[in-house]
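One structure, pasted below without further comment.
Note that the chains take the letters A, B and C in the order they are written out, and that residue 1 is the start of every chain.
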Amino acid sequence: MMTTTSSSGTAASVTIDTGEILTPNSSAKRRNIFAGIGEPVALIGALVVLIAIFSALNPRFATLTNLQNVLNQASLPIIIGVGATLVILIGSIDLSVEGVMAASGVAFVLMSANSRGGQDMGIAAFIVPVVLGTVLGALNGLIYTLLKVPSFIVTLGMWFIGFGIATILYGTDAYPELTDDNLTNWAAKINLGLPNVFWLAAALVVVSALVIRFTRFGRAALAIGNNEDIARANGMPVRKHKVTIFIIAGALSGVAGILATMQMGGTSNHIGEGYLFLTLPAVVIGGTSLAGGKGGVLRTFLGVILLTVLNNGLVLAGVSPNYQSALSGAILVVAIVAAAWSQRGRLRIAK
Amino acid sequence: MSLGTKAKRFGAVAALATAAALALSGCTSTAGGTTAAQPLKKEDLVFVCSVINTTNPYFAANIEGCQTLGKKLGIPVEVVDSNGSSQTEISKIQAILAKGKKAVVFVNTVASSDAPTIVNAVKAAGGFVTIWWNKPDNLDPAKVGNNFVAFQKHSGIDSGKCTTEALSKAIGEKGGIIALPGVQDSTTSATRVAGLKEALATQFPNVKLLDVRPSNWDPQLAYKNSKDLIAKYGDQIKGVWTADDGMQIGAMQAFKEAGLLNKVKFVSDGLYPPTVDAMKAHEGNDAIVGETFHRGYMASAIGLYTAYLAAIGKIDPSKLPHEKRDSMFKISCVTPGNLDEYLKWDNNVAGWVDTLIEKGPWDTEPVPLVAGGPEVIKPEYK
Amino acid sequence: MTKETAQATAPTLRLTDIRKSFGPVHALKSISLEINRGEVIGLIGENGAGKSTLLKILTGIYQPDAGKIEVNGKSVKFRGPRDSSAAGIGVVHQEQSLFTNLSVAENIAISSGTGHRTGTRFGFYNWGQLNRSAAETLNIIGSKLNPKTRVGDLSFVDRQMVEIARAIRVDAGKDGSPLVILDEPTSLLERGETEVLEREIRKLKAFGSVIFVSHRLDEIIRNCDRILVMRNGELVADRVTSTVTEDELFKLMVGHASHASKKSRTSIDSSATPVLEVSRLSLKGKYSDISIAAHAGRITAIVGTSGSGREELSRAIFGAEKFDSGSIALNGSKVRGWRIPKAVSKGVGYVPSERKVEGMVGGYSAAENIVLTHPGKAAVGPIVLPWKRNKIAQEWFTTLDVRPNDIALELDRFSGGNQQKVVMAKWLNDPNLRVLVLDHPLRGLDPGAAETVNEQIKKACDKGAAVILLADTLEEALEMGDEILVMRDGAVTGHYDMNVDNPSTLDLLERMV
């Protein structure tokens, strides 16, 4: 029996070599093209359709002023979204955004020239809140990786801790306003046709996209999101990378807290409210998988723009506020289904 | 009071029926009259001051009022910070009630639906409570009994009318305005919007309400909505009406960024400290042209003092007329011209509280009792 | 390819007195061995014999309690996987260990150190260099894969090529010769794909050494120069291949001779209605016009390459996939609305090839898994009685010799072979089992476990079930099948009644490809 098998094996290998091995290869190539581009195309398509509809409904929609307006509104969710995307890429989640924003925002306003008096600490007013965000992010990462508590729980706790820090810092005095108009006007100020805050957000997106694409750290994040065990077996410093990513997310939330405070010209501990549940859907709509390992910041960028255009367009189209949330929800579901349509085949278990 | 709606009549009938049932089933306790017969001693009392959060200037003023009154009367004050959560609010109040002292409670409720739970808890513990701003329409102090001393508020319709008049006059009684209400299902916001619409319909036919975008009492949402509306209407917008000063901050920031602050007028409710500063500084060519005047410390002090009087037996709630159990207090209209007249109160909270103790809860300027509730919105202004 | 160095004479790998314990368990008791350049070593042993522990020590995942490791004559200590790969040891895992979301080139480079050659310097990727370097490595093993392709889009055998490329990349270009460990690489491959892999092994010999771990003794004998047998944490035999037979190896591994009974063929009672009758079943692009009549007590083995349509066909029989036309009949009556729940309620069972994904609930205990679909006597109405469940589970554990003998343990924590026994028990627990569809039931099982599973298949037949078997190997099909159906490109190309015909593997292969 042994001889039969080996001789037939050699004979068969020639035939199989061409038929069996090459076929999956070529089909793989074909699928690869669509897999890479399919979703962003669908997303950009959805965006184009929305823009076309809204432009038809109100000519003021497609104006430079409104473009500046939309990009200004989208900037903070984009900045938070960069951190959120990195965290989601490794298969975790960061719910502490609003708490960290509150803590950094209040710290920022109290250290700047403000209506409560106190000292203007200049550059330290920017550094300390970002450091605060970094520390809270590091705590997120360390508790998550060392104590093996799910990131969902750790960051939920850190949300409240951040909020608590903000409340303590805020005290019971009057609402503190920034007194320096240069600070309050900076974010929305137009430079080269677009608001400053958008340039900042765009720069962060570009840098982080490059980091994900071109650094070992970025690739490791994707690898960890795909399969943590394999990453560890390959000698990757999984814990270090995870903590680093939570630190980046915390720092970005800190930056967002400062910017939100500058935009409002002052702050309370409620400054971060609503940002998390604007950003997370945008990340998912962009096509970053909550399971980790798949997606990117450019997608999140598109997701945020899509959501912002949607809300802006509905206001400009004069849709009654009574219907706005239901309508935007319905449009979102359609957009997500359309974007995920190319994916549905992959839900089946591969052989 | 002239509103003889069906609902009201039904309410009155129901109240009568309940009162009759109570009288039949428990005549001894009613006759005994818990408060009249056994007034509580001052040393046994604790003031409870429950607010939605501690960072909003209005709620911060609530606390100031409670503490000032507590100091005057020599009664300790416990502050409840609900942190925006009904659960937190109720559980903290219950914890204080469980400590044993008789509680005299002022609650600025997080949501209307919290009121019955709180009222029942206070009643069971033998305390006395006044609710401010939010309660369900069917929760009537007269039906609950003496422990629910009163429900009190300022008229939202009056607030809306007052600010709308100021805004319309400032823009020459013609042109477009936008409105940013609070949370859509909030009674407070709805009554203010009703006042806005009524004033426009009856007095200022040439002022056009371009758009109404609920902004959930959130400065940032107000900022975003303002930006979108600026993109939509541009310089058609001559005036901005907001339901509170927090949203006004967001709206003003948006117009400032668009370079329109000097050309647009703003009105709102509350006269928060930042608003006062802006008015004093004539910001944006006197952009803020109208505010209502009512104060957090006045509300809480009136509320607590009413409940206190019932607790020590100075008043018998069951014998009070309807408008003193379900009350609306006066709201004043402030313009840049008369601002200073009103700021004097803020500089002397203790003095004002002395007046309150001297004149009683219903006759103290600038917030005397003006009417009884409930406040009814005419369907055409919904 | 051959680099003459001073170390060329030293063995590629020498282990001296390697020991490893986990608590009271001595996983490895003094292992010493040598592997020379250009040698292909077969490593065999039952599950739990210590193979995995040994491999994990070689790849730096575990550190030995005692003993010495020498690579190319130099004593080394592996603190982690990176040390091991830096020393020139690469591994192709049994469960594939590639990142499906990354490209071929990245997967090849991922465990490498930083440096210009690998395309990752100072933490930055140079994609051009990375792709070129991967292409070079792929070229060495004769693979024409595009380094930019996403691994998730590759077929199984192509992924294996990537694994091999990664394993040899660790030392390509350095002195000394790489040692590539192939940890059951063929267990998930189709026959044709195995041939490709075996060719790769022969290529690897030219510049490195190979440790080849497999449960298939025929493969071991075909490919290896020398065979090491492990049992109970010890090396019990070290034989040159030409001196041993499969039977001898089996005896060395298990400790006793094989007592697998030759299957007695069951003949068809032509008057009886087939338990399962598939008529002219078609699914566009997969298979067309397939008819099968499966009788009680008989095993119908379907053979074919991947892409022959046999997987889809077997899933259609279980109601897991739809079909376009044709019909399925059970005991002579046609079924309608054929979906899994209905199939299960009619007594059809299915053991999938992707055991972990489709066949079991890993987080449940073994006992819960056994009564999952057919609670039988364990349930009163919808309520499962734990004590009855445990009794039934314990009976199955004894019958099937499941190890460890702990019915409360989560199924995830059993080895593959024992998991498969539990999955089998789940269906065998159905007293009305009529049709049992088995998709690669022996995949990844050691010979002992495979024997037990085969015994159970025969028992199911004895109880009157018709079995549809998608075998791993042609030999398995020939041994087990009462009837053999050969499929190619979605059509039946051969049909043998084993009572009458006596086809050889070559006969089957001719009709397969």
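Assume contacts are C-beta pairs under 8 Å (C-beta built on N, C-alpha and C of every residue); 3 or more make two chains touch, one makes a residue touch a chain.
Being a predicted model, the structure only gives us computed values, none of them experimental.
Taking the mean of all protein Cα atoms as the centre, the chain whose own Cα mean lies nearest is A. Set side by side, A-B and A-C show the greater C-beta contact count at A-C. With centres set at the average Cα position, the gap from chain B to chain C is 73 Å. Distance between chain centres (mean CA atoms), chain A to chain C: 40 Å. In chain B, no position touches at least two other chains. Those residues of chain C that touch chain A in the complex are listed here as 59-61, 80-82, 85, 97-102, 106, 110-111, 114, 120, 123-125, 127, 145-146, 149-150, 152-158, 190-193, 195-196, 198-199, 218, 221-222, 305-307, 311, 353-354, 357-358, 474-475, 504-506, 509, 513.
On the side of chain A, the complex with chain C involves touching residues 1-2, 4-13, 15-17, 19-21, 23-25, 28-29, 31-32, 35-36, 213-217, 219, 222-223, 225-227, 230-231, 233-236, 293-294, 349-351.
Put simply, chain B touches chain A in their complex at residues 53-57, 60, 63, 184, 211-214, 218-221, 223-225, 227-232, 234, 249-250, 253, 256-258, 272-274, 277.
Listed in rising order, the residues of chain A touching chain B in the complex are 58, 60-61, 63, 65-66, 69, 72-73, 115, 167, 170, 172-175, 177, 184-185, 188, 260, 263-266, 268-271, 273-274, 311-312, 315-316, 318, 321-322.
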